[in-house]
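In the two complexes below, subunit A is the common chain; its partner is subunit B in one and subunit C in the other.
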Partner chain A sequence: MPEQKVVDADYLLLEAPRERKFITGAQAMAEAVKRANVDIAIAYPITPQSEVMHLVGDIWAQGYLKDYYRAEEEYGAMSAIAGAVRGGARAFSATSGPGLLRGLEAIASWPGHRIPAVLGVLTRVVNAPLSIQPDNVEISYLLNCGMVVLHAENQQDVFDFTLASFVISEKVDVYIPIAVCTEGFFVTHAKGYVNMTPEDMKLPPRDPYKAPVPPTDCEIPPARIQRDAPVQKSNFMSYLIHAVWQQEIWASNIRAMKYIYKYLGGPIEVVNPEAEVFIVASGCAAAQGREAVRYAQLEGLNVGLVKVKSIRPFPEKEIREVLSKAKAIIVPEHNIVGWLAKEVKATIPNNDIVIGGPRVYGGMTLPVELIMEKVYQALGIKKEKKVVV
Partner chain B sequence: MPMEVLPGPAGYIPTPAAFEGVELPAPGKALLYGKIVDEEVAMREAAKAMLTRRNPTIFPGPLVLWGWNAGAMEKAKAVLELAMEIPNCRIIPMPDYRPKYPKIDPEAEINPNHPNLTILHNKIEACIFVGVHCHYANLSLRMIRAGTNCFTIALCAEMGHEDAMVSLRDVHAEEIRRFRDVLVQVREELGIKWEPKLPPENPSLPKEEYQTLSVLDYGEYSYLLIPRRGEHVTESE
Partner chain C sequence: MGLEYVRISPGFEKYMPKDYVDLVQYGQFGKQIDVQQLGQFKELVEEHPMCAGCFMAYFVRVFYAALPNPEDTIVIGTAGCARLALSQAAVPFIYGNYGDTNAVASGLKRALSIRFPDKTKDVVVIAGDGGLIDIGFGMTMHSWFRREKFTTIMVDNEVYGNTGGQESGMSPKGVQLKMAPKGKQFDKINAVELAKTAGCVYVAKLSPTNPKRIAKTIKRAILAARHFGPTFIHAYTSCNIEYSIPTEKVLEDARKREKQDFAFYEWMTDEVKEFFEEIEKKTEEVKA
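For the complex of A and B:
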């Protein structure tokens, strides 16, 4: 393990030199953890997450992390993450599909407990029937937890989003957990080019006193005074406290947006802003959407892309602005429920122009041709289907 | 257009200012009624509120009440210096964030689970939050705006609070003293005569004789100062 020097977070994220590597998404996530001065990682293995946590275990063995263990299952893992973070540690975990759902009660309590943890969500099918293949329906379960939810398109995003998430989540005006989601296998087990910050630089350690709540059990006032759970005694308090507490979580979620601008270049990326038809997509579907835009250009069609990086906070203002002149909006997704299409429809005033699809799930890939069919449909272009026998 | 953050009562359930486009200011700036302004402008309006509204009160939180580091002690001194310059100012502490059983003594303390009780009981129309952790300050400020007509001022060591009428950020001892100077200047401009003096003793707390003070005088809070040997607290209520 090389000696790592602590550098300013802004320097590491925005200015430090970068070196290009050809690595998998799982490696990109572990490389980000390596540079994030993480104290502890806890997880329970599940495909396709296990690749990430195996690699994080490797870097723990090399000395980059202070502690690492396999919990008894996901509920235990996510509860232990909460304990570690409340005690002042910087913590990381990752999970997938059914594992996420098993840990979800604990995860959903993180924002209310003001737990600035970072969680990798490497998506896969949610059983039943059992499958380990890619499908991102599980992200829909995260949308109403209060946490920040980022969706990475490729290996580079995985590295950037993960490293920045440690910084954003610990901002005093944010201080809620961040889920960095990406598609299992398509990103985690495939290689791409990633520009990474130097291996010998890391973030400053977490300062648990720079927080909107006191850290627990540090035995020093004012830390120790909150040793019981204050919100669980409703007979001694106004019911309004729980309402304003929930508001505070979502206000914190909104406050994360300025840091998403600062560190990730904003919550959306727009390709061809003057287009008449837009593909709005996140994660892997954005990569296929990008390719569809190229196909469309070759055919002389005016198609653009809105890649949504931040699902929570959802970039309502930005999307309304970009899509204000769109004639049709196509939302390709890797799930059956179409959670992104629903978000887009709820955001724009003229939502009858949204074409919710194409959607693939259960491990299927998303061919660009499928998106192009929707483009032709939106533009009223009739294409003859050729059947090759 | 961000909402205007004015004294309440805003109603049954308040809308957080952050939901309505109010953003926290950059370093060197402040919030006044939800708008980003120069610190001096916000300080003058805060001073005016504390000097002209009924029963001005400072609510110090754990970060200044407990002398847990040199900065906290210096900040506590600065808070007292500020209180001395505000005519008939009271200090009501927020020593912790736990709900109080069986009910709070609103003359002795304020609590984030029902801050409106202390405000309404004491008819407080202007108050300063200082040394309260941001999460609990935000809860309190929103509940106060919902149910009372109190003008709230947040002297925040971090980034500030959207739901206060005036929010100053990065406030430590030095900045509190700067606010005190602005307040004295505004007081003179308003023609208010006042000789600096300490606020009245908190009537609900035992008198503190510093010469003979013992840990046990802190009653249920004594364990915060010196844990007993081998102490293992299993029940804290």
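For the complex of A and C:
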């Protein structure tokens, strides 16, 4: 078994020395799991996620995890995660697109069941005609579950978000699951530089007694514990039980924000805060948005970027503040429905300045030129289209 | 930890609910109860909202009295009638999502094995025919294929009782139920043979006519799961409402089915057989 020293979570996340490696997003996620003192990981194949759980299987075989198995399908995998976490273990799984939707009944119940698990979501097409290509429409299905949803731009984010998620989800005042999302292939199968904490250091183990609800392990009183009782009656008391429980879940979701500030530098990153036109983007689209800001700079245009790292809790206050003087907002996305544009529109008072798009989906890349077209449109610049003969 | 967490700290007895004090003083914790003493000790489940004359409620009552290690047992259920009583017992109970019992139990049992490698923690799934053989079929079968070490008990009332009387895979062929207005078109699924094929090390089928035998079967299923692998009990627990069995005829019906398709059946691997023979030999030595 590899020797790993348990170190303080704050030290590991904020102060520990880092080593720069050139690795894929899938590797970055597995490397974070390696340092997270995970008890059990449960896998089920689906492209493009499979690579992540192959690598997690490898580190289990090397002795970094205590248990690992390939489940029957995603509903079984996500249900077993719920069982393991109720039993006091720290658990991890990852999935993609159709797998996420297959497991969604279980996943959507995790927050209410107070299951602090970490789930990798490596996005791909979910709708027909079916395809394995990158598309992040599946994130929209996670927005109303109550869980924390983070969206990683690149390999570095994948490492940082995954490792921090184990710490944040187990905070007593949070104690709900976290989805770490990123685009399949674009991030999972492409390499980038990642500054990683030392391989021989890991988080402290999960303490299941430091919790708002007890683990189900027959170790603590009282003898009479029921986890996750359905509310069986049709009367006001039962409506109230459901209502206050869900209010607490969403309050927990908001309470995660302070830890997102502490460990991830806040829910948004702003480039060129004095800009008149802003690109608001998350995940891979933020990387392209970053490039568009550079293009704009070369052309002497005043364009900024708001990268949204946390989709739930959604940084409403922060976004309103940054965009208070914006003249136009462009929201490029890797999906057809424009879920981020809707979030932004629901957040700011003057939402007629939001230009939804450009949107690409079904596996298409997001060329910077598409974003620039929207920039020109926002600034009233007419450009002649270049025709390649 | 077992008994430690059940006991009341000295001086606190008078502040605890009487019900709880009775459980600790006159209940099963730390003792082996003879199921024929039902009614003479504080039972783990007493009040429940199940229908009058429900044989499943009776089976659940016997189940709790039969637990070999109630202070270190976790019960897992799903939607259906049984959980109405299971959720009111003095044994930790998990109710997850529809048909997820055997996946949740797999994760839970593994977590407990990681955290308490030297302790005995029994995990028992009790779910209905719909939960285990219809909606949860894949998870039930795969928990057996994977040789997960917990017990699965199917309380088979041959119908979706809790949702209002729909056909299930375990309903007998020809029976007219909701969602089968022309009668069920295919045979009752042979769960026992599936369990044997899928890798269960102990399989039993019974109609609950003999409490002592039910208790023995449950104890055996739990002990075998602890040491060897998955175990399965298929119990006929009639739905007197949907099958219109008069309350006073419920036991008669159970006896009738015992003569037909629910004759007592017990199968185990050679390894498990040797294990029980060894235990029985030791018990006899102690007696002698």
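Just so we're on the same page, the second predicted complex is superposed on the first by the 369 of 389 C-alpha atoms of A that agree within 3 Å, B and C clash if a C-alpha of one lies under 4 Å from a C-alpha of the other, contacts with A are read in each partner's own complex, and residues count from 1 in each chain.
Everything that follows uses one rule, which is that contacts are C-beta pairs under 8 Å (C-beta built on N, C-alpha and C of every residue); 3 or more make two chains touch, one makes a residue touch a chain.
None of these values were measured; they are calculated from a predicted model.
Engineer: Look at A:Leu143 in the shared chain and tell me whether it touches subunit B only, subunit C only, both, or neither; answer first, second, both or neither.
Structural biologist: A:Leu143 sits against neither subunit B nor subunit C.
Engineer: By the touch definition at the top of the document, which applies to A:Ala89: first (subunit B), second (subunit C), both, or neither?
Structural biologist: A:Ala89 contacts subunit C only, not subunit B.
Engineer: When the two structures are overlaid on chain A, which partner does A:Leu101 contact: first (subunit B), second (subunit C), both, or neither?
Structural biologist: So A:Leu101 meets neither subunit B nor subunit C here.
Engineer: If you stack the two complexes on chain A, which partner ends up touching A:Gly76: first (subunit B), second (subunit C), both, or neither?
Structural biologist: second
Engineer: Which partner chains sit in contact with A:Asp67 here, subunit B, subunit C, both or neither? Use first/second/both/neither.
Structural biologist: In the superposition, A:Asp67 contacts subunit C only.
Engineer: Which partner chains sit in contact with A:Val213 here, subunit B, subunit C, both or neither? Use first/second/both/neither.
Structural biologist: The first partner, subunit B, only.
Engineer: By residue count, which of the two partners contacts subunit A more extensively, subunit B or subunit C?
Structural biologist: C
Engineer: Going by the contact rule set out at the top, does A:Ile132 touch subunit B (first), subunit C (second), both, or neither?
Structural biologist: A:Ile132: touches no partner chain.
Engineer: Do subunit B and subunit C land on any of the same subunit A residues, and which?
Structural biologist: Dual-contact residues (subunit A): 219-222, 224-228, 230.
Engineer: What residues of subunit B sit close enough to touch subunit A in their complex?
Structural biologist: The touching residues are 13-14, 16, 18-19, 23-24, 61-63, 65-66, 68, 95-103, 112-114, 116, 133-136, 138-139, 142-143, 146-147, 158-159, 162, 224-225, 227, 233, 236-237.
Engineer: If you look only at subunit A, which of its residues touch subunit C in the complex?
Structural biologist: Answer in residue numbers: 39-40, 42, 66-67, 69, 71-73, 75-77, 79-89, 91, 105-106, 109, 113, 216-230, 232.
Engineer: Could you pull out which subunit A residues touch subunit B in their complex?
Structural biologist: Listed in rising order, the residues are 114, 172-173, 175, 210-214, 219-222, 224-228, 230, 233, 236-238, 240-241, 243-245, 247-248, 250-251, 254-255, 258.
Engineer: Spell out the residues on subunit C that touch subunit A in their complex, using ranges where they run on.
Structural biologist: Touch list, subunit C to subunit A: 1-2, 5-6, 20, 23-24, 29, 49, 71-74, 76, 79, 83-84, 87, 89-98, 100, 103-116, 121, 138-139, 141-142, 146.
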